[in-house]
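Below, chain A partners chain B and then partners chain C, in two separate complexes.
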Partner chain A sequence: MSSTFIIRFQKLSTVGLYTGRVMLVLAGIMVVPLITSLLFGELPIVLDFLVGISITSIVGFSLLLICGRGSRDISWTQSMIVVSLSWLLAMILSAIPYYLSGYWRSYLDAMFDVMSGFTTTGLVLGQDLDHMPYGINMWRHLLTWIGGQGIIVLALSFFTKGSPGAFKLYVGEGKDERLQPNVINTTRAIWYVSVVYLFVGTFILWITGIFVGLPVIKALFHGLWIFMAAWSTGGFAPQSQNVIYYHSRVYEIITMIFFIIGSFNFNLHWAVWTGNRKEIYRNLETVTFSITATVLSTIAIWELSKLNVYPDAISLLSRGYYSILSAHTTTGFMTIYARQFVLDWGPLALMAITVAMLFGGSASSTAGGFKAVRVGVAFKTVIYEIKRLLAPERAVIVEKIHMGRDIVLEDRYVRIALTIIFLYTISWFILTFITNACGYDLPSSMFESASAIGNVGLSCGVTNPDMPSILKVAYILGMWIGRLEFMAVFVFIGEFIRTLRR
Partner chain B sequence: MSGRILTFLILIFFMSLVNNVFSYPLLMISKDTPHTITDLIERSKLYDGKIVEIKGEVIGDILDRGKYAWINIYDGSSSIGIWGVKEIFSSIKFKGDYNTKGDYIKVTGIFKRADPKQGGELDIEALSLKVISVGKKIDHPISYHLILITFISSSIAAILGLIWLKVNFNKRRTS
Partner chain C sequence: MLKKIQFNLPVNFLDTFKGMITEIIGVIILILIGSIIIFLISKI
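So, the complex of A and B:
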């Protein structure tokens, strides 16, 4: 056996070892919907999940047995491949219970909805949501809740004992906050914050659900699922009408509060959690989000008022403002029917909501899109350049941003921010082109593509089981790339091409 | 002659009270009824404020709001919320979920593109409701193939799990 082959196998083994662990974690998570199905006597669904757990465990154990000699130390390239590969495998394996349940027309549709859940997008191809069993609904919402925090984050939090490559895997999944000195403690802190909010949020929505007319048990589960979808900015809901189903302004306002909080940076959560409340007003991301949300919602509301789409201020806020915030936080909860965006909203309002979807929420949160920090840095750079041009030649201009502490705006921050914004924009153009080429009109194509690439989940009607398969694949890739923020996927594709060339 | 006209007008007046015809502006039942929900959404401006007739399955729950209530119905194309006086919905027995096929009903009501009473929701204010066919419990038979696949896959997973535990145990013992 040549030494090159042994080295290559060693590298692959490391990737396989970590991926195998993540798959076992995934199999463990499937136990939750299985128990839910058991509780509600949904026996066929219990078997669907048993098959899902078994096959996922087979893949996990096989990888661990084959790649058992892999190193626990992992390089940056390997970590990126582990993240991308884990997400792809997780998509394929998590779709098993979906497909077996019969609520998805094809395996591709099932994988689409899994990727939509993991990436907290919220676009749906599942059929007959109103007759879906509790177990499947639990799985849908659990996927989006876990996807929001990150599958790798979960695996690192509870199933590793501080392996040396933990931080690299963590960054590969699009996270970079350091709440604690140690990355394992940081991931646990993220879960701690999320679980506390889960209990509080579920309780509030449970009580509200009872008041809006849901039976007690159903109100509890709807409260749990709607909270999961709001906090993770996922936008799934147990009924086909999404949030409209509840016909309650109070329910809508509560979801709005939770999805706004969910779209904030975990660093900000931690700062507030540990007593630093001033950070809310000073943080670059909250300031940027406040400005862009105000400007975009003003544009949308002005257009909606001009066109007399809604009869009064409450309707405008309940439909217009809610939709803009749902888009901007990349949640995707809907208080209007999908086609109303195209049919009722004017071009300016449609443009405002599309831009809101692209801008997205905060970095290191469950939200997607460009992220507020990058939009903020881009604006700050413009201000810096104007100041530099106006100042005397010898003057030294220093621009600062506040992200937990004051940071001097250096070229490298600007470069990273603009690179990601550029990549998002290019991907959006490509996805828009593909959608348009599939026969959809340009405004709808732009809207739906922004929704997929920004992990939003609002739909103007393009996403449905009858859409062309090529478009489903394109949107899966768009959601995946958008969630992992390009680098992990690029490394994965690059390595794959390099392997093929050899 | 004028007496006949007067009698006719009085008759019309009382009929209107019974049928609520004059209590809403711009009312007329569209000729191409019943409508699909998708059609109503697609041509919402055309149907706004008009009486429409839709058929569909009751899904979810009757959401009690004191004197009024909401139901949601699905007609195979889309779902829509219907609100009205609680008594209108009293004939509904089965509401669709995983274990139940909901009652299939016919609703006549006023379609609102952006209902000001409901915070701008697109909905139908029910005037009358008729149960066309009563719902039923749904059986979910377990397929023999699924049981077989479950047995085989869980057996393989268990064997692999045991092998992995053994390998790990041996590794720890040697190190």
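So, the complex of A and C:
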């Protein structure tokens, strides 16, 4: 009996040890908005962050103190639990400054926005965005930028010295590409790409912001935040009108370029940056994304033209095309007001944008949704089956996909791709059903649920502080499950139930 | 000189710059193709 207890405690200690480390990383990140608040003299917000840092540090150090003897070697099950638990704990603790600032009506609303940020969704329950302090806005956008790369990726990059279980934690967060032979260097490569783009993107948006008419300092911070939201395909913005606020086609086009690049696989960035430039038009994901984005845009634009929603090509481009690409890359930047999707867009255009949200961006990127690689594999499987049926009985048909190199399409790839697509679809149905049961019409329910489960952030008006609490909890779970791609969450829930049964 | 700066990763500033320009041009081409299709649809 006692030996069983000791083994169980040791297993829990390992989980606690790694979770504690992630919490300390989180406390460290909170220093950035704290400094921002200090710079702008927002003293009440400084106090809010001090409370947040203190509590998060206490939780982190307590876990290290209690679980310090846990094994550094971590199993697959434990790594999945660490990832799921870290994301939940991070949500609870990161919401402290939000709630204390008074811009969120309840702690649940604050946690909703944190999960929306970490999962790069972009749905917002915060109030009075237009007058939010710089410190809080910095925290909102920093959360989404870090969430895009992954909290665990950050912890692995700078705060672990090649722990034996690093790769398992990395996979648990929904990433499985190795840019470098060593997983620690892989995570550093991810941050290298992201930080280089951060400087370039912020600079371009800063200059554009000044030309648009923003004051220099405001243009700089808006450039930084909008870039963070674009790159992480998050969709947050410092103003309630989102991208509409800037009234600039140039600003819109720049954000469009960065959110599309942000939705690319980090493996693709790395291949292109290390000399394999042809990869950008050979890669299965970029090819799939280009085809699906063009087809879905064409369908939506056809409908919008037919209904004469936008009278000229420029409006179609900046309203219709922008929205479809924003949905497909799971960004959620909006150039139209929320209710216009349901009121103005016809059913075909609404269906096209919903499908775009579900398809999503690339695997191992900041984007959500099914992921282009799985959609590509599904299409390739259809082609394979047609070829097989048309070929003579004894012919051997080989279908290949290109992901950095040519890979033979094996049954296991098809199985994994279809399983995840199936799980996403089922989750979308469930979320749609819950939304519909809460009194919202079916098109709105389908749209908003796709937005939550696909980590998109476009809203047709369902998401607001007055929505039922049960729906807020359902969307939090949907965003969490969608971001971690099911497996880590299933292992976490399974282990939790098993522990309760003992 | 630029090629010697490494960040402990096998990539340098010149590669970074070329890679970034390649990605930006690739995305602009994609957006342009979409824009041409939209223009054609709006004229039908």
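Operating definition for what follows: the second predicted complex is superposed on the first by the 501 of 502 C-alpha atoms of A that agree within 3 Å, B and C clash if a C-alpha of one lies under 4 Å from a C-alpha of the other, contacts with A are read in each partner's own complex, and residues count from 1 in each chain.
The rule is short, and it goes like this: a residue touches a chain if its C-beta (ideal position, glycine included) is under 8 Å from a C-beta of that chain, and two chains touch if they have at least 3 such contacts.
Since the structure is predicted, the reported quantities are computational estimates derived from the model, not experimental observations.
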Touched partner set for A:Asn185, first chain B, second chain C, both or neither: second
Comparing the two partners chain B and chain C, which touches a greater set of residues in chain A: B
Partner chain(s) touched by A:Val309 [first = chain B, second = chain C, both, neither]: first
Partner chain(s) touched by A:Ser57 [first = chain B, second = chain C, both, neither]: first
First, second, both or neither for A:Ala293, with chain B first and chain C second: second
Which superposed partner A:Asp406 touches (first chain B, second chain C, both, neither): neither
Doubly contacted residues of chain A, that is, touched by chain B and again by chain C: 312, 316
In the complex with chain A, residue positions of chain C that touch it: 7-11, 15-16, 18-20, 22-24, 26-28, 30-31, 33-35, 37-39, 41-44
Parts of chain A lying in touch with chain B, wherever the complex brings them together: 40, 42-44, 47-48, 50-51, 53-55, 57-58, 61-62, 64-65, 68, 100, 130-134, 212-215, 218, 239-241, 244-247, 249, 309-312, 314-316, 318-319, 335-337, 339-340, 343-344
Chain A partner contacts - residues on chain B that touch it in the complex: 41-42, 44-45, 59-65, 69-70, 72, 74, 78-81, 83, 96-98, 113-114, 116, 118-123, 138, 140-143, 146-147, 149-150, 153-154, 156-157, 160-161, 163-164, 167, 171
Chain C-facing residues of chain A, complex: 180, 185, 188-189, 192, 196-197, 200, 253, 256-257, 260-261, 264, 269-270, 272-275, 277, 280-281, 286, 290, 293-294, 297-298, 301-302, 305, 312-313, 316-317, 320-321, 325
